[in-house]
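Starting off with a structure, shown below.
So that you can tell them apart, the chains are marked A, B and C in the order they are listed, and the count of residues begins at 1 in each.
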Amino acid sequence: MHALVERLYPLCRSITGDGVRATLAIVDEYIPLRMHEVPTGTEVLDWTVPREWNIRDAYIADATGRRVVDFAASSLHVLGYSVPVSATMPLAELRPHLHTLPGQPSLVPYRTSYWKPDWGFCLSQETLDAMPDGEYEVRIDSTLADGHLTYAEHVVPGQVAEEVIVSCHVCHPSLANDNLAGVAVAVFLARALAERTPHYTYRFLFAPGTIGAITWLARNAERIDRVEHGLVLACAGDRGSLTYKRSRRGDAEIDRVLRHVLETSGRPHRITEFTPYGYDERQFCSPGFDLGVGSLSRTPYAGYPEYHTSGDDPDFVCPTALEDTLAVCREAFSVLDRNRRYVNLSPYGEPQLGRRGLYDALGGRSDAKEAQMAMLWVLSLADGEHGLLDVAERSGLPFDTVAAAAGALHGAGLVKA
Amino acid sequence: MHALVERLYPLCRSITGDGVRATLAIVDEYIPLRMHEVPTGTEVLDWTVPREWNIRDAYIADATGRRVVDFAASSLHVLGYSVPVSATMPLAELRPHLHTLPGQPSLVPYRTSYWKPDWGFCLSQETLDAMPDGEYEVRIDSTLADGHLTYAEHVVPGQVAEEVIVSCHVCHPSLANDNLAGVAVAVFLARALAERTPHYTYRFLFAPGTIGAITWLARNAERIDRVEHGLVLACAGDRGSLTYKRSRRGDAEIDRVLRHVLETSGRPHRITEFTPYGYDERQFCSPGFDLGVGSLSRTPYAGYPEYHTSGDDPDFVCPTALEDTLAVCREAFSVLDRNRRYVNLSPYGEPQLGRRGLYDALGGRSDAKEAQMAMLWVLSLADGEHGLLDVAERSGLPFDTVAAAAGALHGAGLVKA
Amino acid sequence: MHALVERLYPLCRSITGDGVRATLAIVDEYIPLRMHEVPTGTEVLDWTVPREWNIRDAYIADATGRRVVDFAASSLHVLGYSVPVSATMPLAELRPHLHTLPGQPSLVPYRTSYWKPDWGFCLSQETLDAMPDGEYEVRIDSTLADGHLTYAEHVVPGQVAEEVIVSCHVCHPSLANDNLAGVAVAVFLARALAERTPHYTYRFLFAPGTIGAITWLARNAERIDRVEHGLVLACAGDRGSLTYKRSRRGDAEIDRVLRHVLETSGRPHRITEFTPYGYDERQFCSPGFDLGVGSLSRTPYAGYPEYHTSGDDPDFVCPTALEDTLAVCREAFSVLDRNRRYVNLSPYGEPQLGRRGLYDALGGRSDAKEAQMAMLWVLSLADGEHGLLDVAERSGLPFDTVAAAAGALHGAGLVKA
């Protein structure tokens, strides 16, 4: 996963343009993607697909012709969606177009201006401080023109048509944790899920933030009813502990699954309530949709000093953290896939497990085995209202044990799904 | 407010009679009142309006003719609703008619006998101890005869017909905190609300305790359905911190508003559960009505040593405490008036706030401004089920900020009330 | 009660057979029982009534003819439901049929094999260790043949047909706390309830565990709808504090009653959540029935070292513990019987208690008496939704006070049940 992060890192992504296409082309080498190109001007919900932005070069050169700020060194150096400019101007005139972080003088900030035509450069405060007054050549060789918004899907077919959405934004330029880490975890999660046909159909969405999710939602109105659950992956690779942000509903099944997996795993973690700010859970959880979509991060957005700066580079992303995020996703979807509601077909009194070979025939023992307890719990709660996660939580038994017991009872014809 | 307390203090109020009329006449100088006179014998719910009680003079004079207990000195000295008496008797015979507070020997208690014909005097234990045996002239020049029960209303018209009741009892004689303080706060609250047309119509009720509220309820059966909320003001001016007693429902909107205002204001305060004892919330919250009426006091009834004694005089009431109670009432009704439920008219995905000038167009910033968060929260919860108070509590944002955001969104046509 | 425990102790009970009949015959001397005999092979829910097991003698004798293990000394010595055997065999061959407790070497375990034909002996590890290699005569003079399953009922008729089930298992041989203590408490509870006609009809069930309850449920399908509440009594006499295990519903009325009684009594106690393991609450609470049946024990099953061993003898059962369990049962059923929902017939405003002689007519007093508060609370919550237990819990008043107030109000025609 970390190699994929490193490979994607230099590309200049934005909400449209060739940087996104190049990113998706590389992802397509790992898992086959279906690409979508949506024309500029397409109305998507309350929004309109913007013009496509592409950039070839950008720099600020001093009087000697030396490039003191150079897009070739980092895609962060240009204000995202900058309109083209080619001019020479004194520093005083240039200054309003320069973005720095005075409090983090060695870091370059990440800034964009998607919806207001503007141009600008991002640079470190140290670089700015070293720029003497005088004339500077300023050049941004960009185009902002009718074109397309690009996003891609990858589907892992399941046993049922109901879908789980896994979404990660692909619009940030050279920022590693935000969100190449999420992309990398999504790619390897898709591969892992495909090893065995999952219960649900899993749809992976690689799209620019906000406008990408909105475009997908606008173009998949008929599919939404099939989306039962979802997870937004963002900031998935830093060294902090995991953070799960609940869906707007707060008690959606995905919320309960993630809480269960994080709590029973013993990992340090945080579970936070929904807020209408963050990543694309904002769109999936907007009140008209109100889907059961939560968000998994390690340190959440704006929670680390390197957030939206040049400090969020591949070294900031930790391979074992990526593995840990992936492991939790796999475990969570494994629980989600098995969290079925069963109906006890012999609900009056306990069925005789012994004559079905399900229960140790020797009575009078004081040590009930965990597997036997799991069978009794599944039978007790198999009323069509409780899922196996309810059984696990109420019994305190591991979900795997409960699921195995449900399987044994199903095999014996004592419960139906 | 304190001047009003001092002015009303000497009057001998009871559940009927000229003391109440004189009190209401003074209140009428501040806010115009509609007076109601209900004849003795009128059946009101389970009760009957009693005979009207008036008193001109009362005293106990010793053998020398000196008045050792004199109604002219304090209206507390006579047992409320005393039948007339004119007699001379030895102290031993008089003693069963004398009420004192042995544990607070310098204070005169407040006692009444509304429903059992009786006569008596209230005096300090010290006065009693100084009374030698011997003959005393006892005289109560009172009348208990068919007449009327008096109460008054003042209405601040609102934008809607739904009403908020503000009620305070006016039946206690020379007791300042209980309840001239409540009367004073109610008067100035009515004035403050009238400065700008409120959302709800506010009805102020000045009536004797229990029988007065019961009489109003009996005569306003058709109006009750319009009463959405209410507040009983009692013991509103002592130096203790504020106490809000919930309505019988416990989670009525008024309960949530008061809790929110008290908690977010940082004031020390108590919130207590409903009990069927106290002031006229007993009647408004009786199970047949079950209105959303709570009660605001500083130190609640029977919670201070001066309660129902001559120690509850104007000095016991603190001007800054009256101001503080008034301020909380104003803030609470300001929240109540604005606690509307909105419906997001663009509920699928986030609406584009930027193109409506509602959102800073510069993306990529990690510091979301509070006002922008408030707009996102209102949009997220504007599903017709959550009010703005829900938004404020769930978001942790100040109610004013949330209400302002709702106003901005309403102005932009993104939500409807 | 302890004398009854001692008298029943030596009998060899099992899930069928003459030991149960002899036990019930003794109980019948205390309270009249209706005996039921259900033939082998009868289908009961998912189960089938097994063959009847009877035993006359069993022993292991050494080469000298000395009985080293003798059923006559304790009914625990034989594996319950052992098939007959009469053989001579070396110790090595005998050993797989010998059950001991290596960790408690002086105690004899209790073991059964109801559903798998087997034979065996239970003995102390010390006895086994003292048995030299060599030939042993092994004899179990038992019969396993078509017959009957025996159980009994005792009914205390109430004022209404709705029933409360009190159930205790009678299938364990010489174990005192488990469950002769439960039997003894049930017997004396039935006697106590009969002293005055209770509100509910109380049905006492003396039946073998699991198969007995299942048989009763199978044969009383039409009666189940009348069963409102129930209590399983087990391990009711040891020196530990009381443990109440909730019904599967968790908030059934019986659960609330037991919690209230245990908490307000000041006794140390535990309240545990339902689990589908334990005693016959498993059957009553199976999801098809889901009755409001909890379980009262002192130390719960498997919670004490003597559990299911020869250490659970009459000395292990404490007379004062039996009395204490009985007292809590009586108090709980007294609350249950009186926990009626009343409807306030004068719900608009407070009714005038004074003119009905229900309220001290002297107003202005700050010390409300508890009985008066109880009346006000009952009136306030008499909306047909709250029972008297709700009133007691919400008011903090003793249930007896609340029930007395309800009685007074009922007498005055102010509430109806």
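Here is the rule we go by: a residue touches a chain if its C-beta (ideal position, glycine included) is under 8 Å from a C-beta of that chain, and two chains touch if they have at least 3 such contacts.
These figures come from a predicted structure and were not determined experimentally.
Participant: Is the chain-to-chain touch network here best called a line, a ring, a star, complete, or other?
Facilitator: complete
Participant: Please tell me whether the contact surfaces of chain B and chain C are same or different in residue numbering, using the over-half criterion.
Facilitator: Under half shared, hence different.
Participant: Compute the rotation angle for the C-alpha superposition of chain A onto chain C, expressed as a multiple of 5 degrees.
Facilitator: Here the rotation carrying chain A onto chain C measures out at 120 degrees.
Participant: For chain B and chain C, let me know how many angstrom lie between their CA-based centres, rounded off.
Facilitator: Whole-Å distance between the two chain centres: 55.
Participant: Give the residues of chain B touching no fewer than two other chains, as numbers and ranges.
Facilitator: none
Participant: Enumerate the contact residues on chain C facing chain A in the complex.
Facilitator: Contacts found on chain C: 45-47, 80, 110-116, 118, 210, 213-214, 217-218, 248, 273, 275-277, 282-283, 285-290, 301-302, 307-308.
Participant: Over in the complex, which chain B residues touch chain A? Could you list them?
Facilitator: It comes out as residues 344, 346-352, 354-355, 361-368, 373, 376-377, 379-383, 394-395.
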